[in-house]
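Two complexes, one shared chain (chain A), two partners (chain B, chain C).
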Partner chain A sequence: MLSISTYYSLQYLLLLSAAVVFYEIFPLRARRWVMLLFSYLFFFAVSGKLVCYLILSTLSIHHIGIWLSDVQAESKAKLALLGKEAKEEKKALSASYLHKQRCIMTFAVILHVGMLLMLKYTPFAVENLNALIHFTGISYTFRLKKILVPIGISFYTLQAVAYLFDVYRQKIEADKNLLRLSLFMGFFPQIMEGPICRYSDTAEDLWKAERIRYDNLIAGGQRILFGFMKKIVLADRLNLLIKDVFSKYDDYDGFVIALCAICYTIQLYMDFSGTMDVVIGSAQIFGVKLPENFKRPFFSTTISEFWKRWHVTLGTFFKDYIFFPLSMSKPLKKLTTKARKKLGNHFGPLLAGAVALFCVWICNGLWHGAGWNYIFFGMFHFVLILLGSIIEPAAIKVTQKLHIKRTSKPYKFFQIIRTTILVCIGELFFRAEGLTAGFKMFKKIFTNFTFATLKDGTLFQFGMDKQDYIIIGVSVILILIISILQERGMHIRESISKRNIAIQFAIYYALILFIIIFGAYGGNYVPVDPIYAGF
Partner chain B sequence: MVYVKRIIKALIFTAGLIFLLVVASQIFVPKNNTEEDGMDYFVANGFQGEKENSVDVLFIGDSEFYSSIVPLQMWNDAGYTGYNCGTGGQPLSYSLALLQRSLNKQSPKVLFLETNAIYRDQSLAKVAYTMAGECLPILRYHDRWKILKGKDFTETPDYNWSDNDKGYRFYTEVKPPENINHMVPSDESESICRANRICVSAIKDLCDKNGIKLILVSIPSTSNWNYPRHNGVAKLAEELDCEFLDLNLLPEECPIDWNADTRDRGDHLNYAGAQKVTAYLTSYLTEHHLVESHKGDPYYANWDECYDKFMTDTVGAGKEAPQDMVETVD
Partner chain C sequence: MDERLIEILEDIQPEVDYLTCTTLIDDHYLNSLAIISLVAELEEEYDITIPTVEIIPENFNSAENMWKMIQRLQEEG
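Showing the complex of A and B:
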């Protein structure tokens, strides 16, 4: 039976190639069906029978979207029938229809988010309930059968919710075409790890089902190759060190733990951004432009900026569907007005913002996983972002007094390093095997830090030797250079394709051989499962 | 015209890539079959260093085999030349690769294939990767970039190393299992994954093509074997028209004493158990006239030396073998 657990597999490449061939040989109308068939085939290969959750979710948003649209149309029609003088009547009618729409949305959110909560968070809830029961001295334990969770549920559920909210807000028309909506929900390259797309981002491209263009094929292939390099050369190689240190942190000193926190941050970035390269590259082959999920996050000068560059589509989802609605809600508006009077124009709005921000980061933490370390991870970033806003006026004053130019390159460099260190600390808790383990590891960085491990061979205990560290260093520098060029606005893939054919071939061959020779695969390497697929 | 140009471009690119991979493979393939040269599972691959056409019996399988078959005992008792190609957690795709490699220099008459690996599931992708690694060694030996020397660029492979103990690993520890009734009769039949069926069929085809008799063997193991597995392999052996010896069901011919003959609670046999299994397989080969004795033949003179060395340096000195690295199946 076809089984796919990662994009970095022969199975995925075969499925992608087959999809390209069948997509190309069929006429326009059939191409859409080919794409849907391959999308469901991929999801079936990833999650088996659980593909039914995706289909049910699609059917549900299709129906609810039309329902919302009908209510909106009915409301407009009835309002149009009323004369200009019937203002009160109009107001009452609008309120009544708005209430109806809100009821539908509440039902829809409960249905979709409830399903996600039930499948993903029930074991965590039961585990904590049992701990609480045992704490009170009762010897009862709730038992739970293993719940099978479809891979990618956290991604497609957010897409479904975003679609319904956009229909509710009348940003988009409800799609009556089930095929187009199914393509939007199930488009196979992005179903496992995102990016979390909006209907307006991809539905039209998917529906156009244009023929495969040569330049798209080449550009998509280039991006897929680059993703493979990040994952196979770097993320999988670092796994040897990370797996061992996080599971046996008691055996290592603070230096190794700090190094491991940095390595995990690199691994997570290479794994997820590499996957996004494969996903976006695969979509590009079919002429579908997916939104970028990473914008060189390690050039961020603040944590707030970091989250505008890291997992961008998740950040914008939370901003558009949690932060803004909460900030604009009546209770928080009132709170802002009151706080502004008492705390002034800077700190006043911060209070209401903090409430909305708190909700965003609780959701962000929980979205990543059902565990206290994830909640802590969310709260850690909430506190850092809030602190950043609170102390900003003071920081400006201090830098002015010290005659430090905030726009200078050294200061910017300092900010980048500071942000990176904070991100690494957050990732340490994120990866730690439980919150207690996270705190113990963090404590060791300060209480048991020594450079002795640099000399005693500890770093070579994980199945990694000097050459492994060298190749990690070289690859990181290579990606850093590419990132700097991109940050300066250079379009590397475009500039490669403008070169003569011999140089193009040489670059492709070099990249392919680099992956084949320096990739951490075969032998005793165990490839790390795609990290974000589990969220 | 544009399409033609693009197709030509793609063909040139592919041809260039294949050429580069072939050249790189010549560089990365180990130049000798030793650990220092980066040979994979160098002990199991020691048969490549044996004299040409000198190995009549091959034992290909996982740790069940390298713990349970003593080729030098077989030599001493009957003059049969065998080599034990057991590796830890060996997937069947690698078993197939070992058989292919053996045919470069040897013409074995009999292949004993351990059946435990038949139930070690692997994906078709793993099979494809292993086979691709045999065609383009850069895929299997890419990690040798760490140990490349000047000779890797100039020399061609010349495999001349062989393991003195012919692949057998000596263990004497005794740890009896808790449950010895692992073969409870049953009509159930455990299914075999598609990739493994393909591998066993390919092994059988290769054996038929090269006049090798394929015999499936289940080594006694309380923790790895049971009746549904026996039924599954028996059915497969019938389909493939090959012999199947389940030593778990032959207590009289191969009388394993579970209180003395296992080193890890019934998972693997120790030397005492291995001697019994080897004795049985030797008598099986004799009874069925499958191979000839080479005792006294000067071409095989070093086998006597190896046996003496095995008895003094390994058995006599009680030199226990290290644990093997287990190959990742997927």
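Showing the complex of A and C:
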């Protein structure tokens, strides 16, 4: 049976190549069907018969979208019949139709988010319920059959909900065309790990189904290669150390644990941003422009900025569909207006902001997984962002008194390092095998830290030798240089494509050879499972 | 452009040239908390309701765009 567990496999490349060939040889109308067929084939290869969840979700939003649209049209038609003078009547009519739309949306959210909650969080809920029952001394245990969760459900559910909210807010029109909506929901490169697209981002590009262009093919191919490099050379190589230290943290001192937290942060970034390179590159081949999910997050000066640069589409989803709707709700708006008058411009909106931010970070933590360490991860960032806002005026005063220029490069560098350390701490808890393990590991960094480990050969215990560390160092520096150039506004892929064709291909071959020679595969290496596909 | 709007903006976030700046959101002059404050203030001042769908960078990147949005919402009643 065709089975794909990762983008970094021969099977994925074969499926992508086959999709390109069939897509190209068919005429426009058929190309759309070819794309949908390959999308469902890919999903089937990843999740088997669970593809039915994706199809049901698509059918559901197609129907609910049209339902909303019909209610909106009916409301407009009835309002148009009323004269200008009938203001009260119009208001009452609008309110009644708005109520109807809200009922439909409540039903839709319960259906889609409820399905996600049921499939993903039931075992976590049952586990905690059993712990609570045992705590009270009752010996009863709830037993649960294994629930199969379709890969990518956390991603496509958010896409579905965003689509319906956009129809409800009349930002977009409900799509009556089931094929176009199915393509938007199921487009195969992005179905497993995002990016979380809005209907207005991709539906039109997918529907156009343009012929494959040479420049798109080359640019997409470049991006895929770069993603492979990040994953196979770096993320998989680091896996040896990370797997061992997180599972046997009792055997290691604080230095190794701190190093492991840094390595895991690098691994997570290389794995997820590398996957995004493969995904966005694959889509580019078909002329589909997916939104970027990473904007060089390790140049962030605050945690708040970090989350505007890391997993961007998840952050904007939470901002648009949770943070602003909550903070703009009537009770919180009233709170803001009152608090502003008493507490001023800075602290006034903080109260409403904190309530909305708390909800965002609970959702963010839980979205990543059903576990207390994920909830802690969310709360950790909530506290850091809130603290950042609370102490900002004091921090400005302190730096002014110390004559530190906040826009100076050394101060910015200090902020970047501080943010990176905080991110690494958060990721330590995120990856730890349970919350207790996370705390024990964190404690060891402060109570059992010694540089002696650098010399006693511990670092070569994980199956990694000196060459591995050199390759990691060189690759990280290489990616850092590329990131600095991008941060300065340079478009590296564009500048490569302007070069002589011989130079262009020399660069591609060099990158391919780099991956083949320095890739961490075979031997001791165990490739890391696609981390975000599990969410 | 309405002078009162500029006053509100300067009250919320001073030291920005609101007559010329067109990247208030893109360049982080106004953060999410400032937007919460601003929306509450604009609704009270101009007797409008700003729905969540209007809270997009395009509407808040410049004072001019904000003014256009306010006028539009006033017309829509």
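Please note the rule applied: the second predicted complex is superposed on the first by the 535 of 535 C-alpha atoms of A that agree within 3 Å, B and C clash if a C-alpha of one lies under 4 Å from a C-alpha of the other, contacts with A are read in each partner's own complex, and residues count from 1 in each chain.
One rule holds for everything that comes next: a contact is a pair of C-beta atoms (placed from the backbone, for glycine too) under 8 Å apart; a residue touches a chain by one contact, two chains touch by 3 or more.
These figures come from a predicted structure and were not determined experimentally.
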Contacts of A:D465 with chain B and chain C, given as first, second, both or neither: first
First (chain B), second (chain C), both or neither touched by A:A352: second
Which of chain B and chain C A:R296 touches, first, second, both or neither: neither
First, second, both or neither for A:R309, with chain B first and chain C second: neither
Partner chain in contact with A:R213 - chain B first, chain C second, else both or neither: neither
In the complex with chain C, residue positions of chain A that touch it: 169-171, 304-305, 319-320, 323-325, 327-328, 332-333, 336-337, 340, 345-346, 348-350, 352-353, 389
Chain A contact footprint on chain B (complex, rising order): 6, 9, 12-13, 16-17, 20-21, 24, 28, 40, 123, 125, 128-129, 133, 138-140, 142-143, 145-146, 194, 325, 327-328
Contact set on chain A toward chain B in their complex: 1, 3, 9-11, 214, 465, 467, 501, 505, 508-509, 512-513, 516-519, 521-526
In the complex with chain A, residue positions of chain C that touch it: 11-13, 28, 31-37, 39-41, 43-44, 50-53, 55
